[in-house]
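Next, two complexes with chain A in common: one pairs it with chain B, the other with chain C.
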Partner chain A sequence: MGEMIFEASGLTKEFGEVTALRDVSLSLRGPSIIGLIGRNASGKTTLLRHIVGLQLPTRGQARTLGVATRSLQHEQLARIGVVPDAPTFMRWMSVGEQLRYLSAFYPRWDMERQSSLAGLLELDLHADVSGLSTGSAQKLAIVAALCPRPDLILLDEPVSNLDPIARDQFLKLLLEIVQEDRATIVISSHVLHDIESTVDWIVCLNNGTVAADAALDDLKDQYAEWRVLARTRDLPDRFADAFVVRQTVMEPRRARLVVRTAGADLRAFQAAHDADVEAAPLNLQGLFPILVDNGRH
Partner chain B sequence: MRRRAFLRLLERPAGIAFAALFTPAAVITLFVAGLRGPSRFVEAAGLVCFFVGAFGGITLTDAARCSFAWTLPRYRRALLVEFAFCGAVVCALVTLIGAVSAAPSAPALLAAAVGFAAYAVGGALFLTPEGSLLFPFAFIAFVAWRLWTPAPVISAPLAAMPVSAAVSALAIWSAFSSRTFRWSALLGPREDGRLMWNGWPTMPWWPRLRRRRAGGRRRDAARARYVGTSVLRGVVSSYRPIRANAWLPATAGLSMFYVAAVGPNALGSIPRTGFWIAWAIFIVFSLMSRSSYGHHSSASRAALPWSRRHHLAVAFARHLGDPFVILLVLSPALAAFAVGNPQLLGFVGRGIAVIVVFFPAFQWAAGPPTGGPWADRGVAMILTLSVGMAFLLALPLVVSGLPLLVTSGAAQAVVLGLLVAGSQVLNWRRLKGYFATRDLVGGEP
Partner chain C sequence: MLITIDVHSGVPAYRQLLDQIRLQVAAGRLRPGDEIPSTRALSAELGLNPMTISRAYALLEEEGLLERRPGLPLVVRARSGATSATARGAQFTRALGPVASMARQLGIGGKEAGDALRRLIDGNER
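Coming up: the complex of A and B.
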């Protein structure tokens, strides 16, 4: 069992009449790479902000690295690296000056890693911060978050503004960092295809509540995709089998189903519907609608 | 590695420009005030330290609103220590000037205590949400206090010292509290030209107006797209996104005039009432203009389908209209003041004319006429500081100096009218050039 990184119990956050997080109870342990997914306004950024104590619970408890988030001290903050969704820096500094300014506050700032990351992400240390594109500002935020060799790295949509090459390099880098530093990474993203190959745990938020909190492999094992091809007669308009959670009948003799593996009997189904079935694992993209809306989308 | 949290932030073009422009003015002010007596010196020391603290506060605000500020370990503490150290150095220098100018009568310790309190308040003003909310009302309280208390702090040093220490502690504590830095980090970067009032509607205790503001913007975006070619309708639509908080300076100004001008005048003559209120008019006018011109633009994103000529016409009409809208808002208070102080009408009129002359310059300093902040914030800040210093220099020169050169009231009106017209002609030419040659998004100064 690894270190308890973040623990929430009955965490609720309200902004006036809007409830961003509703009775969230979570335990995140490291080292691991945790994918935080959910639809827009599901509470992902609010949860990340609670982890660093930037926002405080309206009700409930939140603890990060063993300390209540309200009382996080520099000892804990020095162990956390954050890449926000819209990073902002001192616009009048150069990239190098900005990194030098930040490095003075961290006891474990790794200059070697700074050079290698800047090279890998093609970040010009002499460029002015004010002239950085959105993607370059995000690269700077990534370098600034990773160089202190933190134990906990929070990434809020880190790949959304990166080009495909930089995105690929960045995700490979995350895997290396977990191995090298034994860090825990919480990555919030809508680019499910990208994070699927990186994360080992999924926390899915839906309307401020936890819709899923499980290992990605376990989630994948719970569901499967069945491609159904009728042999002799047309398929029904709707399959009534209890284990079918999502279905798309594309034409009278072909259908695509998402099924809950527990209780799903492939042979019995084939016999009952006189159809051939090709079973395939479900990817995160396919899982997502089931997790957030129970298959209604 | 040597850590310089706050001092490093001062090493930027705006910091150097502030030091270069403000230091000589401050030294002269302190020296002259010292020669005029210890009482004036203490007041001047407070004023100078307040401005230095306010600049420090703006600098701190820029840092606190960066995305890294909240999680940077020991950052708040480092900023606090260096900010306080700078304040101590400034107060020591100010006291030294007092010792040189007013020799034995200069109350060094009192000047240092009042100076540090003013420095701390100046810093907290821009950093804390409540500071910016309270500022106009604190200003009213200050003017009222000076109206009714001819004897300044010098007469009660034993009371002034602990009060100054308490104010310093409260200001520093509120400026560097975790609550302030949390709020700053969530608010995001400060927009140029919007030093105050733009943050506190985001506070939790401001939900009602926040919602109304969001709704207003949606309506405006829909309306602006279909305004057609009418410049008048364009101007009206450009005023609609004025933030809900823009009413605060207007309310503060009007409250001040009715409480401080109408009341005392009705009760009888109070020493220097008219003089103080006249200066209050200038300051309130400036505050209102500052809050107004930062809040609307001719080219919100929704309005981009407008032609460049339409942008130009709308921008100029709005630039021209702003000071007159503010005058209209203040007119009841001005009328009340004029009835009570007919001898100061010329004084106030000249001051308002100076503000109107400088208005386009302030509008340019606030940001590009297409809306949003200037791309180069350093240059924008230097521009703001330069215009501000020029304004502070011109105001007393014209208000007190013009009657010495031109004695006739009519001739003064002509001179001032020409200055107003000249500034608007320059503004028109500048706007015309801008809209003919520049991008409509992302302003380069």
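Coming up: the complex of A and C.
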């Protein structure tokens, strides 16, 4: 078990009538690349803001790098790099000037990393910040967040505005950084396909509650899809087995189930329903609706 | 060592790694004393999370298939002939699982399946 990076217990955040986070308890340890997933308005950005203390809990506790988030000091904040969903910069500066300005605040600013990142992402240091496209502004935000060699990196939808090649290079870069700096990276994304090879841990939020908090590979071990084909008689309208978490009966003799692999006995099931079953694993995209459903109960 | 991981297949990546390294050892493509790529090198090659790779390596070490020596690359460990024969058998049986379930679905019996497999192994049929 690695260093405790972020710890929440009973964290609830209310904005007037709206509850954005509801009784969230989490322990994030590093080094790790954590995928923060969930539907729109599930609380992902609010959780990221709580990690850096930009927002404070209405109730409950939040600690980052061992310190209560309401008391985070420069010492901790200098160890955190953030790429927000809508980055803003000083519009009158060039990209290079903006980076030089930021570097003054960080003792560990890595010039070598700055030039290699700018090269890799094809970010023009002479361009004016005011003229940057959405994608280039995102690249600037990435360079600005990674050059101080932070121990904790928070990325809010960082790949959404990058083209496929920049996206691929960026994700590979995260793999290097997590090893070089033993950093912990929290990356929120809707593009599940892209982050599937990058992350080792998944935190899934649904309606402000934690619907999943587990190693990605363990989640894949925990669920499977069963394609059921009856041999002689119709299948039931609903399967009563406790391990069946989702079911679609397509035709009287054909069904598609998602099962919890612990406790699911394929042979007994085949015998009971006189059916053939083809078991298939689920990838992150396939798991997502199941995880979100879990958050409802 | 040549490894291919399909991260979108749904099979946990650490499991794909375990299976492929076990297979290569059982098939003699990786021999005792052969070096295994570092976590960092394999992560860069496959674009795969390094914690996932470490997890697979740690499990193979626990199994006694790989050996970690301080400051040196991981190597394949020497195994007795009996152990590696058992490992080969287990590997083959695992791979036949899906074939067996297809045979059941097609109503193909053990003898017919065995004959088909024998012809394929002997190379009389493609």
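The rule is simple: the second predicted complex is superposed on the first by the 265 of 297 C-alpha atoms of A that agree within 3 Å, B and C clash if a C-alpha of one lies under 4 Å from a C-alpha of the other, contacts with A are read in each partner's own complex, and residues count from 1 in each chain.
The rule we apply is simple: a residue touches a chain if its C-beta (ideal position, glycine included) is under 8 Å from a C-beta of that chain, and two chains touch if they have at least 3 such contacts.
All values reported here derive from a predicted model rather than from experimental measurement.
Participant: Quick check on the chain A-based superposition: chain B and chain C, clash or fit?
Facilitator: After superposition on chain A, which the two structures share, chain B sits beside chain C with no clash.
Participant: Now for A:94: first (chain B), second (chain C), both, or neither, which partner does it touch?
Facilitator: neither
Participant: Now for A:169: first (chain B), second (chain C), both, or neither, which partner does it touch?
Facilitator: The answer is neither, since A:169 touches no partner chain.
Participant: If we overlay the two complexes on their shared chain A, which of chain B and chain C does A:25 touch? Say first, second, both or neither.
Facilitator: neither
Participant: Calculate the angle at chain A, using C-alpha centres, between the directions toward chain B and chain C; round to the nearest 10 degrees.
Facilitator: 160
Participant: After lining up the shared chain so the two structures overlap, which partner does A:130 touch, if you call chain B first and chain C second: first, second, both or neither?
Facilitator: It touches chain B, and chain C stays clear.
Participant: Applying the touch criterion given at the start, work out whether A:278 contacts chain B, chain C, both or neither, answering first, second, both or neither.
Facilitator: second
Participant: On the A-aligned overlay, A:261 touches which partner chain: chain B = first, chain C = second, or both, or neither?
Facilitator: Neither partner.
Participant: In the superposed model, how near does chain B get to chain C, counting Cα atoms only, in Å?
Facilitator: The answer for the closest chain B-chain C C-alpha pair is 27 Å.
Participant: Per the definitions at the top, what is the overlap between the chain A residues touching chain B and those touching chain C?
Facilitator: Dual-contact residues (chain A): none.
Participant: Help me check something: in the complex, which residues belonging to chain B touch chain A?
Facilitator: Contact set of chain B toward chain A: 1-5, 8-9, 12-14, 62-63, 65-68, 70-75, 77-78, 182, 185-186, 188-189, 204, 207, 210-211, 375-378.
Participant: Which residues of chain A touch chain C in their complex?
Facilitator: Contact set of chain A toward chain C: 31-33, 168, 171-172, 175-176, 178-179, 193, 196-200, 216-218, 220-221, 229, 276, 278, 280-286.
Participant: In the complex formed with chain A, which residues of chain C make contact?
Facilitator: 5, 7-15, 39-40, 43-44, 46-52, 55, 101, 104-105
Participant: Give the list of chain A residues in touch with chain B in this complex.
Facilitator: 15-17, 49, 52-56, 74-75, 77-78, 80-82, 84, 86-92, 101-106, 130, 141, 144
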